[in-house]
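Next come two complexes, and both contain chain A; in the first it sits with chain B, in the second with chain C.
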Partner chain A sequence: MSLNRKLGIVDLSTNEIEIKPIPIELRKKFIGGRGLDMYLLYNHTEPGIDALGPDNVAIISAGLLSATLSSASARTHVAAKSPLTGAVGSTNMGGFFAPEMTWAGFHHLMLRGQAEEPVYIWVNDGEIEIRDASHLWGLSTRDTQKALQEELGSEVQVLCIGPAGENLVRYATVMSGMKNAGGRSGLGAVLGSKKVKAVVARGTMDVEIRHPEEALEYDYEVMKHISGTKFAQIMGKYGTMFIQSVTNSTGLVRTQNFQHNQLLDAEPIECEHIEDYTFGTVGCFGCIIHCRHRYIVDGIYDEGPEYTAQGAFGWEVGCNDFETVLMGNHLVNHWGLDILETGSMMAWAMELYEKGIITDKDTGGLKLEWGNTDVVLELIRQIAFREGIGDILAEGPKRAAAKIGKDSLKYNIQVKGMSNLHSDERPTPALALGIATGTRGSDHLRSRPAIDLYHLPVSVLEKVYNNPVEYKGTYTSDYRDYEGKPWQVIWHEMMYMAIDCVGVCKYHCTFLSPNLMKFEHISKFLHYNTGLELSPRDVWDVAERCYNIERMFNIREKFGRKDDMLVDRYFDEPTTRGLEIVRGRTLDRDKFNGMLDEYYELHGWDENGVPTQETLERLGLDEEPSHLL
Partner chain B sequence: MVKKSVSDKQKASDRIGEVRCLNCFYRYKVPPGADRFVCPECGWEWRVSWVNPELAKVRGPMWDKMRF
Partner chain C sequence: MQKVILVDQDKCTGCRLCEMVCSVKHEGVSNPTRARINVIKWFMEGYLMPMICQQCMDAPCIAVCPKDALSRDEERGAVALDYDLCIGCKMCVTACPFGGMGIDTVSNKVIKCDLCDGDPQCVRFCFPGALEFVDANAVNLRKKRDAASKLAELMSKVVAA
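Then we have the complex of A and B:
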């Protein structure tokens, strides 16, 4: 049964291992995955700790539906205090690791302390061991996995760090498989600081399904519906790269850091070109969509690329070359770097170079010019290995700006010290509010109401957003409006939190299409598979509780309203390109602040964004930290 | 969950090849196999690609017209 999966606690300083059952009352309040990780993070850390010190914890988890008859329940979540932002660190990846850890008997693994020498953690059929990993230190993510599979058998699933994590690059990833990257928040550096090269799982402990026949039938029905949507068919052919057909064509991407909102003449990096390099698509555990291409470029195999690769190595750095996108994608996967932060930091450095804020003297002679593909690929290497200017860029926006000085920070497109996705939200207030308020920093995966871009009729918006909690406010189809958008952001916060708690891939829920899973589906999947009885409204309440504990973590670390803000360029510099409907636009500062006020009010937070006592009591969080686990 | 898949409904309502103009959001039915169309509502021209013989998507603008 899913509900009997355990928490393993590994103290790397003392080598002590403790295995604990997860109390049912915590399941009812936090479900699992990201939600329960956040409970553990809040309860097992003290404010002000060094994210790269022994007092931080790294929590690795599977969602409650992992390895059940709920398709695409493949996601692994990792949580810690972020060394990039100092805020909540949270990252999520697909692949096969989470189901294997579930079959090994565990849903959550918490690593604390710091090992003296490199280690890996072996999780196998109810047991956990700390093992020597000195032979793996220095290897790429792919070579590490290969070595561990040779050592332990080809069936094991590996989650690991690459050289970037070892070198404490503040946006190093945790990787599994070729491209499953827990990219955001720099949690690869947290594992690196603990000298944990990898966690390896292998399990044969069945997951008993509560109502197997109904579960199978329901899953079939839902997946049949999903596979019939336009969205799933397009995703299955092009992966997330299809998004650029809408965003770059309209003028909704940030180009040359933030100087433009569209890459002109972008035909060479349109998603259709993947046909020349691919030899098929693959999917994560139990997925019917199969959004990743296996491709070959210059004799090198990799998976993807995603929309993020087109942004990072395409329009952000002014490159109009598909092979640079493919190779850049490979290098960040190989060395374990967050693709979004890497692309953003490079684009920022290029703008600083263009403006003379950094010069050849700072770059060791590298010409950081727009569209210089060789420089882009070389910079990725320098960041991963902390060489030359890469050593400064490896520190992330705020620390790197402090080192460079002058007015360099103002050119960085970040929130809470985390760079933004390669999108431009000046014409889209809802998306702007989403990235400003994201708990882990500037982020499209916490709350982005992406369907706002589709100009959906109000009747469809009402159907989506008036459920399971009634919303009587304004609905508007125009993505340039400010009215009604705070509720959309909150609704998606809850949707994405709920799906992260159960460990199902976000592309199966209402994220990029309004026709996909919502709260009632999660409620039913939980009922059929686990026997946990939560109504759609209960699922929402769990999500709200989990989102609030993330917020409480940040408040404890002294984040507040001042940190829910975009950099001045959003308000001061008008967009220069794109269709007329998006050209010449800035965000209106007063209206943006008005949205923020409304967003706080709808959440039950005060004007500084702090949850009120009444809200904490309503959500049963007034006794936190409660130390129940 | 609805019993009928969206692609079934799409066929039923003859929405094969339908795309939306990104400029004015007008729904337009691209003739089978066509690789571009001019929006009858706003006049913007779009290039098109086909995910399968029934499903078209906007591929991008005519880049030479995207000048300011």
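Then we have the complex of A and C:
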């Protein structure tokens, strides 16, 4: 059964391998996936370590519901100290790797130390081996997977890094399949620093379903409901690209770095154009939404693209060429770069070039002009292989700004040293607070209350947000307001943490639609599939505990209130385009700080964002690190 | 009434949910190696194909079975396996041209699709509709309708021109 899946610890410096059961007390407190990863990360690292040194650990995991009947239990989570931010590193990807690792008997794999020569880790039916990977070093992510499938059989699932990870690009991904990318936090570079080219899983071991008949019926009921929502239908047709049509026309995208909030003449990159390149969609393990297209561009097969590809190679860099979006998406997948950070770094460099802060001398003659599609594709290559200006951009926002100097940092749209999604939060305080406080840096997948954009009636907000914990304040439907938003951010933090602990995709929970899974669904899925009995409130408490341990990791690394802040441009430069309701808007600094105060108070953190002793005791975290595993 | 599982490969999204629900239904566990159906993938080309027992009319598995454990159930249009007669010699596994007969090393049995006694779970959970459980007599009519609608579209263009 799921609860008997183990932790494998691989020491790459000594070649020692240890396999441990996961105590039930830890399951009750952290469930698994991202939550248990964070417990392990907090317990197995010391503050101040070099994220690219042997003292960092890389933890690869499946959620507790992985490979069970729970509406797309496909997600793999990877954790380490981030080489990009120095804060908690956390990244999450779809595909088939986590279920395969689960069938191979493992839920968590912790890699520590550093190998001298390239290796891959072979995980097969209860056993783990370290194997030579010198023949794979230098290969792209797809060529790596192809070689390993030829070596080990077509049934294996591979998680690997590309040249970007080997070259220690600080936002390199871990990849599995064509487009399943653990993109954020630069954990591909952590694997690169450990000389781990890949982890390969193959499993034939049963995952016992606690109540099989009931699990089938409940899962069917939930899937039928999800498949009937408008959200699932449009996602299944266009993927996240459909969002662009709404956000760009409203004026909620970040264009030309941060100069505008809408791309004019964006029609050529709208989602319908995928029809000319696609031959159908594909889904991750067990998923009925199937949000990615199978497409061919220039004779090359790839999957996607997503909203972020349109942002990175479209509106951010001032391009409106759909094939550049498709090709850019392919290149970052192929070489193993985080699409979001890559797009943001390029847009930032282009604004610096426009302002004369960098010149042809710095770029090796490359004209970093808005809308130059050739330059966009060439820059991706230079970043992945650390050539020319790419070597500087590969360092990520803060380090690159330090190298370039002048006032370059001022133009960088980042929080905690991680670039923001290609969206503009000046008109939307709730979304702004979410990216400012995210534990892994500026990020929309920690806490984004995306449904705030729908101007839902207060009665609906109360129904969603007063469960399983009641909020005593008031809500407002207007996304430009500041009231009630801190609680919404916290609610989504807990929702996304809970879903990451069980390893189910966020698109199946209350993220982009208020009609999808909530805490009670997770509680029931755990009951039917695993027999772990947690009430919806218990699931919330686990999520809060896990979120606090992420926060504790950051506090231990000297992060605090000053790091939960957006760059000045959000407060000083008004939006220039879009609908009247979003035009001419900035965030109000005082009101934003007021939201931050309320957010800390609701969390039980002090005015610097540090969890109080009382909060730690309430969550049972006062003994951490407890070294129970 | 004879019904067949009709596979529309173009609609398959490769999620492998069919494999999981099959193993849960038959064995009470999630384990695709114990499923009767598998999605075969060429994932670098995006090509996907669900493979399952074809319930052959003149089935090689029946022909090679030395104990008559396999037989044709004409009422359901299925190939039935009687475990009381089966000796596990695996000749059927060798003979099947589609991989429709499998070996379950946990229960030490050969396994095949039994259409879940008339309610195949793989079909029920295939929301994209790549698998359908349809009246055998209507299979070609459905295909004819699909082909006809494409032809009608082409013809209308010719007429319009």
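Everything below uses one rule, namely that the second predicted complex is superposed on the first by the 629 of 629 C-alpha atoms of A that agree within 3 Å, B and C clash if a C-alpha of one lies under 4 Å from a C-alpha of the other, contacts with A are read in each partner's own complex, and residues count from 1 in each chain.
Note that a residue touches a chain if its C-beta (ideal position, glycine included) is under 8 Å from a C-beta of that chain, and two chains touch if they have at least 3 such contacts.
In this text the structure is predicted, and so the values were computed from the model without any measurement.
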item: Side-by-side fit of chain B and chain C on chain A, or clash; value: fit
item: Partner chain in contact with A:T45 - chain B first, chain C second, else both or neither; value: neither
item: Partner chain(s) touched by A:S140 [first = chain B, second = chain C, both, neither]; value: neither
item: Contacts of A:I288 with chain B and chain C, given as first, second, both or neither; value: second
item: Partner chain(s) touched by A:S227 [first = chain B, second = chain C, both, neither]; value: both
item: Touched partner set for A:R583, first chain B, second chain C, both or neither; value: first
item: Partner chain in contact with A:N124 - chain B first, chain C second, else both or neither; value: neither
item: Degrees between the directions from chain A toward chain B and toward chain C, using C-alpha centres, nearest 10; value: 70
item: Least Cα gap, in Å, left between chain B and chain C after the two complexes are fitted on chain A; value: 14
item: Shared contact residues on chain A - chain B and chain C; value: 224, 227
item: Footprint of chain C on chain A - complex, ascending; value: 67-69, 96, 103, 142, 145-146, 154, 177-178, 204-209, 212, 215-216, 220, 223-224, 227, 236, 279-288, 290, 294, 301, 303
item: Chain B residues within the chain A interface of the complex; value: 1-3, 5-8, 10, 20, 22-23, 25, 44, 46, 49, 51-52, 55, 57-61, 63, 66, 68
item: Of all residues in chain A, those that touch chain B in their complex; value: 221-222, 224-225, 227-230, 233-234, 237-238, 242, 245-246, 248-250, 262, 264-267, 270, 272, 454-455, 515, 521, 576-581, 583
item: In the complex with chain A, residue positions of chain C that touch it; value: 10-11, 13-17, 20-21, 24-25, 27-34, 41, 43-46, 48, 106, 121, 124-125, 127-128
